[in-house]
């Protein structure tokens, strides 16, 4: 578990995430139509397409530069709630890596946790508010736990993916207390949170990449 | 979907071209989707910007001009603009006296404006204050929600704060006046039909031929209750009563009474509503000092209306009466 | 039928109560259903009145005030007022310099105004001249029809003639200017949906989900053609081309370009339309000297738009720019 | 045929007309919906109800005063095209009688023709324009013809009623050239004119009264 993660693999992760978002665009929007304003899929797709285009244009050699670019692009192109939230997530990951040339699995996990911290700082979500937090926090915890247990990064990411999926499913019975869905009150119960669904896709993308 | 548009993806960009062509005294930055005053920045004047998703026209672009906003950022339809836009607008209007951001309380708007303010102070050193409007009494304001939505009060606030800035008050004073307006204003709306987002191509929600959605948001957010369609008199009471109790407004108060159309409702119906509102207020001893009747904060083609009451003192009234010259509000000049 | 009204029979009376309450600087004679300026009659100033069926708000009541109309008579929805109303209004605004009647060309309006003018000269000796607007190019103007309908030009005419009267010109001059405006203005409209007359309770005509009615009248009169719904760009061209050929307008002409909403169409779409109109005019070398974008002559809740082009010289332009202070149009004061 | 017509009979005629209008209100509006703006029935009904109310209030003793009152009431309450047209019709009838105390059948026929003249003066309709004129002109002609042939007034009015009905039916194939229906051009063909239908009711009312 000490092998460093290359920037190329990290970039592969981002690109795979973009592909999954594109494939799930309408599904995400449908989820948002039920308890929000029917734009989460198109928001994320617009942003990730822009991020991929930015990566096509620039040859970024460090993890810090890579995630900063992705984060800035999301912030600049998405708008709504998910722009600042996913943007800040990647920006904080970038900041966590700094301009270091190498990225160990622990560095990666730390960056992920920094990203989570950014989401919380920005959106003030608490556990059970029925947001992306409810998928992301369990995923970050699961990865930390796996690495502490000396697992390979790839193994840890599988655990994180499963935790995110479980967290995503757990949002369904929750009553929304943040974001647009909170206006629905009781009527938000029984619907899966779109942002949490996106987070599950992010972790799934990680397991599909060559970490 | 029946709309006078071309490609749904081009609606915002093309409307901005139309605004630019129709109002030669305004400037448009098409890259950043900013409408701004030709004479901005004005040295020593507090700059005021606002912005939000498109689809609420004339809000905010129609309120750019002397005595009101210095710039407005247009997001995609019903999607908050991105921080880059607010940052560019902040730089554009900063005349050295700082910049006020007027933000409607939606998670996305609040976060994007927040990020722009962080970037602005980092990049330019400009002093930025924000005021968030949250006047929609249909939403329970509690730790359990994202808080009340910002709706009709935003229009009145932009006018009043704009006048204060134009008169040379400093940033803290302008922000204070803006907060006073928000604190003293309450709104609630009703939809008779859903809006249709161009990119979606179909109505956001289904409403029966004999139903109305009471407490609806300006993005078609669900309201407090779905009720059978009622006469204007009853609807006015269903909207005004919760507003009156919330602040509360009491006998002897002077208010600006604002009856707003949501986009698909014609003026004749707004006057019928205004008559009912006026009667209720008279019955309560609330004095209507000024009124505004028209479609100023809309929800695309939604049929319906919202009512806003703002409690005013002489200072707010004189700021309301001060000259304004924008596409949508103009007097005294 | 989804409307913010009470009893359909009370819509006009209640809207008048709303207008009265919302605009304290206007007076309302509820018996005669007349909205009039508080300062009328002005000694030595030509009085200008107009009127017509209700349902076209802000036309005409919203154009009463300094620099525009002295009084407006409100008929039942889509039904011309009766001569008694115009007679009472004529007496009200006659300051000794005579009175101009602005009449939209519909058989009923023309005949009722004619009778009122006959009565006025018999009863009061007041000198009354009438100008009839007939700018709708959708109708073939021939001995075989009642002639073109009066639509959007009416708004521009009321503003320009109102300014001329305010400046003290005499009745013949004001009437002459009004006729010049009518002669140099052309309009055409399109409906995306039918209007619904309150008393009827159902849409006046049926239009398929993918259809539009080109050349529609403001009472839901049938147009030239029923066509498949088209992009704004095409619709703009279908409206502007017949207008341009009819006068004809030519390269080098200066115009006031007026994109009007029919009541159920939001401002964002009107700006998209304005952008298209502006591009077509630019392509023909027609110079847009001034523009007006908004819902000023409506057809209840009809979704759609009409376009009016008025060829102007410096005199008409300066009258257009002169101060006006009415509920719906205001500048310079 | 020399017996004078009493004002009471003339008033009976007006009231019978009002009743027929009330009964045919929706039918008239339906006809107007097809080629106009769906208000002819309610226009005429509003006007005739007001006329009847005015007659209830005032005891009018001469034909001139009676028809002047009816005409003024219609002008003041109907609006649209039919207000001035039917209003002028009755006003001119009233003027034709003047303040004479007696009304012979020939006076009545002359008044009817004066009313027709008023309609033409006001509306400039020509034969075949598909208007109320196309029912009224034949009716007036038929009455004159009958009186010239020494018929009783009641007999002449039956002839006039039949002529009005024929004239009304003849409007169906016509292409409208006046009023709101003219905007329809070719599409006005095949529909019966509402105003002509009202004229037929007016003459029917005469045959149902005790002339």
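Letters A, B, C and D mark the chains as written, and numbering starts fresh at 1 in each.
Going forward, contacts are C-beta pairs under 8 Å (C-beta built on N, C-alpha and C of every residue); 3 or more make two chains touch, one makes a residue touch a chain.
Nothing here was measured: the structure is a model prediction, and the numbers come from that model.
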*Which pairing of chains gives the most C-beta pairs in contact?*
B-C
*Between chain B and chain A, distance of the C-alpha-averaged centres to the nearest whole Å*: 33
*Which whole number of Å gives the spacing of the CA centres of chain A and chain C?*
56
*Determine the centre-to-centre distance between chain A and chain D, using the mean Cα coordinates as centres, and give it in whole Å.*
80
*Sort the chain contact graph into one of these: line, ring, star, complete or other.*
line
*Chain pairs in mutual contact under the definition given at the outset*: A-B, B-C, C-D
*Where on chain A does chain B make contact in their complex?*
37-39, 42-43, 75-85, 87-88, 122-123, 175, 177-180, 182-185, 187
_In the complex with chain A, residue positions of chain B that touch it_ = 53, 75-76, 78-84, 106-108, 111-112, 114-115, 139-140, 143-146, 149, 197, 199-200, 204, 217, 219-222
*For chain C, which residues count as touching chain B in their complex?*
2-7, 11, 14-19, 21-23, 54-55, 57-58, 62, 192-193, 209, 212, 229, 231-233, 235, 263-275, 278, 288, 291, 293, 295, 298, 300-301, 303-305, 325, 327, 330-333
